[in-house]
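Each of the next two complexes has chain A plus one other chain: chain B in the first, chain C in the second.
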Partner chain A sequence: MIGYLTQVIRALAFVFIALLLCSIIFEFAGFSAPLMFQSIAEGAFMSTRAWQNSLRWGLPLFLTALGVVISFRCGFFNIGAQGQFYMGAIAATFVVDGLNGQPAFIVIPLTFAAGILGGAVWAAWPGILRVRSGTDEVITTLMGNFIAGLLLIYVTSGPLKDPSGTGQAASSRPVGELYRISAGNSLSPTIIVICVLVGVAMWVLVNRTSFGVLSSLAGRNPIMVVWQGAKLSRLGLVGFVIGGGLAGLAGTIEVLGPIGRLSSGMLPTHGFTAILIALVANLSVMATAFVAVFFGGLAAAGLYLPVLAGLPAAAIDIINAAIALFITARTWPKRLTGLLRVRRETT
Partner chain B sequence: MDDTLIAILRSGTPLIYVTLAGVLAQRAGIWHLGLEGLMIIGACAAVVGTVQSGSVLVGLGIGIVLCVLASALLWFVIEKLRANPIIAGLGLTGLGLGGTDLAVQAIYGSQASVNAPFGLPRLGDAFGQYGVLSILVLFMPLAVAGVWVLTRRTRWGLQLSACGEHPFAARSVGVNPARMRLAALCLGGVFCAIGGAELSMGSLQIFAYGMTAGRGFMAFAAVIFGAAHPVGATGASLFFAIVGALGIRAQLLFGERVPHDLLLALPYIATVIGVWISGKLRGGAKAAATFGELRDY
Partner chain C sequence: MTSSSALALACRDITVNFGDVTALSDVSVGFAEGLIHAVVGQNGAGKTTFARVAAGIVRPDSGSVEIEGQNVPLGNVGRARAAGIELVHQSFALPPSFTVAEAMEYGAEGGRTIYARGAMERRWMRHLEMLGVQVGPRERVRDLPVETQQAVEIARALVTDARILILDEPTAVLSPSGIDNLFARLKVMQENGVTIILILHKIREVLAVADTVTVLRGGKLVEGPIATDATDAAQLSASIIGSSVAGDISETDREALVGAAEESDTDEPITAETKDAPAILDIRNITTRQDAEGPALDKVALRVGRGEIVGVAGVEGNGQRTLVRALSHLADIVSGNIELAGTDVTRTPLSSRRANGLRVIPFERNSEGLSLSSALWENWAARTLLLGGSLKLINPAQLKKTCFDTLNRWGVRFSSPSQPAGSLSGGNAQKLILAREIDDDATLIIAAQPTRGLDVGATAFVWRALREARARGCGILLISSDLDELFDISDRIVVMLSGRINGEFSRPFHLADIGTAMTGADR
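And then the complex of A and B:
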């Protein structure tokens, strides 16, 4: 319990340092930092409406972040959540667009299957390259993000283009009302149920199965796992595929649910935020749920800031980036810890 | 032919400068994924500095100072706080992208891009068709040669490699890996600022949000592809530039039959293939990696 508490305090401390760095940047750019943070809090958590928005943005992030948790636990640095999210959304849109007119009970499950498969396939090829030829997964998944982003632009302005689309960003035809799992840009019980089910399933997978135990061992001590007789490459590949599948699921939910269509350049920082959530949660499934709602709140505030407070939305990107800069820190500077120790000994 | 060569030099030069920064960091044992952020800081500072002060040199200078400061921040976080270099680097990239957006909005209101009245000095008529290129293109081979001499032919460069490959050996002869890494990152910051300035002021004289479009990451891939050797990595980034230029050429030749966005993906695909081949040739990483963590022993 004490260990658990220390971890929470440590994460909070580094988030606090990140926010300090942000205030310095805000003040330099000529914005009032207290006003900025106050507006962000208002946009994220200060009203029922804000809470609903936070959950709306937080739940898809939660799914993608769970995927990141699984693959990081296996010891593979899958930073391609963004690309896998896009590929899931693209595959789902192809199915729901192609089967337009069929009964909903056939179309919706098929769409989900296609979305999950799309994400899983986009995670599988870096995984296979990694375990078979040792190609560094950091680069392949990163490049996969860019390729998937360009593919998204291509399909929304080519094969899936909405002919009646008006200027602005290219997008696909809106998903038919019949197939939507939430009304308008908002939350629905269906989405919450899916997220709870997936969350529970992943918790069981990580904490109550041999795969969970071996994978977290693989992440910390790969040589040990090999000596135990487990197949490191298979563990890693499964981690990759589950991670990609969950990101694809999040993409499917965005297409069938809140956004209701595929649009080019949609949610460009989704994957990066998901990685952050996984790291802030210290790769624990339970903690991921809470942290995801916090970052969902930040995302909601990002839409609130420019409209209602007249502040630039880039502030949210800066906060996210600053947290990323500090969250993996493991120690304090030696001089600082030395100082603290001296003080404790003298008092 | 000349047009294609100009296009290659134009898109390749910023990439090569940033690649050199990556080479220095990689040799010191740091996986530098903050290149993208440093590059956009350099690009933004060059344009905004030039607009505000009316001098290209001042703009470039501001860019260099900011990039060195950002590099020092990255060094502090990964060396003193022992953060993971990959995640911290991605954070620095995000900070650069968001920070430049915020800075532009703070100075010019909600404007999407900033135009500079004039760019970097051009080569001029003496070079015929190539006169439209900026003088930084001419300095690029010098910079590559300089980094080659620095890393391969000086005591400092060999000590730097030792810090990356076997920090314990470096320590045993009295070299401080932490200090070497700081020097490598800060020198890299200078190169990133120059690369960013070339990107924004070399031909277009414009800064737009997110204009680096993954070039920093591509430079990092070139470092891996070129085995962190200055000449090899430069060759790799030239290769990426050639693939990109050929894609545009194919666009002109085949017109609408080849989708434009898929051609834009060619350099990224080439990067994946390049890293895959270099992994095959050199054996690659077999076990789960150490996530690019810094080593002290």
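And then the complex of A and C:
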């Protein structure tokens, strides 16, 4: 526990260094670094409104990041959270759109089921390829992201296209008010409850079940668990499917909640930020919750940057990228060696 | 140490620290020219570190190295080689995909950019023939038997006109007859004026070949070099083992530990009626496909009774790994059956074999046996956790406590069940594996090289644990490349050669018979 804590603190220190570095660059580019920090603070954490915004962005990220945590802990580098998030959102939209007019107590659960299933299926095929034939899951899940992104463009401008839509981005019809789980484009107690429940369930799974211990052993040394008689393929596949399902759940929440519809190009960096969160949190469920809210805060602050600091909203992407650089520089080598070991054993 | 004869190699006050561990402490020793010297000691005594310091691979924290009276810069392989010292490593350093001629050319001098294959091959063949190594220049290193690989490696070391040749545990991979051949070759080299330093850990070998012997223990020089004529096995074994642990270890164990046992000493059977014991493991003519880690098994038939230790001898790489993998459901079985306590388990996954009492202590402690970055309690609990369903709820605090008690009972030195397994020493890590694999429900224990790399105390501990398991009625299949170990604790020994069982022996064991079976000389 202490070990985890120091590691998380170290990771947060890296985040801070990244922020500092960005502020220096922005300063040289003619913007004001103190104003940047101020706008991040105000946009993310300095008021109730800011906190609500941070949670609005942070909670879906938390779910997706939890999925990443689960599959990374099993030793599989599933970087397809973005695609799984999209497929969950697409599947959910099909159901909620197709059942339009039916009672909410039927539609909403079915929509959630479809969304989770959509994400899980999108994680399952790279998972099956991985455990059956040793296909590199980094490549397949990455490709899956592109396929899902293109599919999103197709369905929003084809089968699910909103005929009355005039906006620049193609999108589906708005989800009927009856089926929304939050009012307008903000947070709701329902979303918080879902996230807390899922968070607790995943914490139990990781910290209080055989699966948690075995998957962590498998993630660190797959050869050892094979010699203990574990089925690596089953452990890994479960990790993939849970990871995809959680990303799909996050997609469903966005469709039924804050965004309220499916739109092409929605939240294009969601899944990658989630990976970042999982790595900063050092694959701990508890830490993931805090880190997710912090990154949600950064996302919320993205709206304040242009207003207060005169920075383009894309500055938040630059900051995220800088953090990614620091975190991955810290984490990659160990991950890589782990992966190489897995590969040798299964091929 | 006599000052009359010139010293080929003199080391003064060598101290080497690896982190907190002192590998060598103030070792001063000089080796006279033209003799065969042995450096002995148990695992972890600092023998290999000493060899590496002399060869310039390890830079000592303090001390000096002189070769033929000249001070050599420390930690500089190039300068040490130029001064005439060559080290033949424990695990050979020849590139496996090279041909013999290529390995000689590039291993020795770094090679030329442009060469004529024919000329290169002729050149090296002359050299190899001179040394009496029978090998074709175009054979790939990986296709050679270990003994030939070692011979080529030694030949490679001699290319540069080495005046001093250090061999680190050269006998570890050889069969008894291979050892005899090596020693004969070394004597020829000695006659040609090469000073030879052998790192060994068997007293029998020391007495057979060396002119002087130097004993290291715990990184310190105990004695030496003393003439081998002036000492004997008992004296040497006492100084190798030291007095601190000696009391716990029986006479025959002690002899087995230092490789001093005469064959006659092990004649008396340890257990009386193992012959009629009901079989706990019955392997019926299994044949496997070529395995990732060794040759295929060819109609291997083997039986282990309850309360019996069956030793598997053989030069490494003759199918012992495949056998263990086949028993662990990791190798592809083409034909034949494996029966565990009367039940056919040929197609049964490892998890249910384990549920039926099979336990495996795998070859590679640090990769197959433990997850080094995971906590002790996780490593320890893995076996029992796999018995239940994945979603079974666990209580980590309770598991940690049980783990704490169990590891204490097994004498593991640790501070917390949450510390990573990688923080344990080799002996303690192996005890952790024993604590996991030797439980009350175990009926058949596969112990693959369970004492490799362990010091005397830990080795004796492992033997005791295996004997206790036998006393409880467990069947034990012990795979080892150390014949002394097998002779000491096995009730029966089978010898593997090229994936086949090439002979089965009951007590009394005779080194000559088993050695012959290991090399297949009778075929």
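Quick note on the criterion: the second predicted complex is superposed on the first by the 316 of 347 C-alpha atoms of A that agree within 3 Å, B and C clash if a C-alpha of one lies under 4 Å from a C-alpha of the other, contacts with A are read in each partner's own complex, and residues count from 1 in each chain.
Simple rule for what comes next: contacts are C-beta pairs under 8 Å (C-beta built on N, C-alpha and C of every residue); 3 or more make two chains touch, one makes a residue touch a chain.
Predicted, not measured: the structure shown is a model, and the values here were computed from it.
**Student:** When both complexes are superposed, which of chain B and chain C contacts more residues belonging to chain A?
**Tutor:** B
**Student:** Is A:A314 touching the first partner chain B, the second partner chain C, both, or neither of them?
**Tutor:** A:A314 sits against chain B, while chain C stays out of touch.
**Student:** Just chain B (first), just chain C (second), both, or neither: which does A:M143 touch?
**Tutor:** first
**Student:** Where does A:N207 make contact in the superposed view: on chain B (first), on chain C (second), on both, or on neither?
**Tutor:** So A:N207 only meets chain C here.
**Student:** Based on the superposed arrangement, let me know which partner A:I40 touches: chain B (first), chain C (second), both, or neither?
**Tutor:** Neither partner.
**Student:** Pick one for A:I223: touches chain B only (first), chain C only (second), both, or neither.
**Tutor:** both
**Student:** Now for A:V238: first (chain B), second (chain C), both, or neither, which partner does it touch?
**Tutor:** It touches chain C, and chain B stays clear.
**Student:** Could you look at A:G30 and tell me whether it touches chain B, chain C, both or neither (first, second, both, neither)?
**Tutor:** In the superposed model, A:G30 contacts chain B only, not chain C.
**Student:** In the superposed view, which residues of chain A touch chain B and also chain C?
**Tutor:** 223, 226
**Student:** If we count contacts the way the header does, which residues on chain A are in touch with chain C in the complex?
**Tutor:** Per the touch definition, chain A meets chain C at residues 204, 207-214, 216-217, 220-221, 223-231, 235, 238, 341.
**Student:** Using the touch definition from the top, list the residues of chain A that touch chain B in their complex.
**Tutor:** By the definition above, chain A touches chain B via 25-26, 29-31, 74-77, 79, 129, 133-136, 138-140, 142-144, 146-147, 150-151, 153-154, 157-158, 218-219, 222-223, 226, 232, 236, 269, 272, 275, 279, 312, 314-318, 320-334.
**Student:** Using the touch rule from the top, collect the residues of chain C that touch chain A in their complex.
**Tutor:** Per the stated touch rule, the residues are 328-330, 349-351, 353-354, 360, 362, 367-374, 378-379, 381-383, 385-386, 388-396.
**Student:** For chain B, which residues count as touching chain A in their complex?
**Tutor:** Residue positions touching the partner: 31, 33, 73-74, 77, 80-84, 86-88, 90-95, 97-99, 101-103, 105-106, 110, 214, 217, 220-221, 224, 259, 261-262, 264-265, 268-269, 271-272, 275-276, 279-280, 283-289, 291-292.
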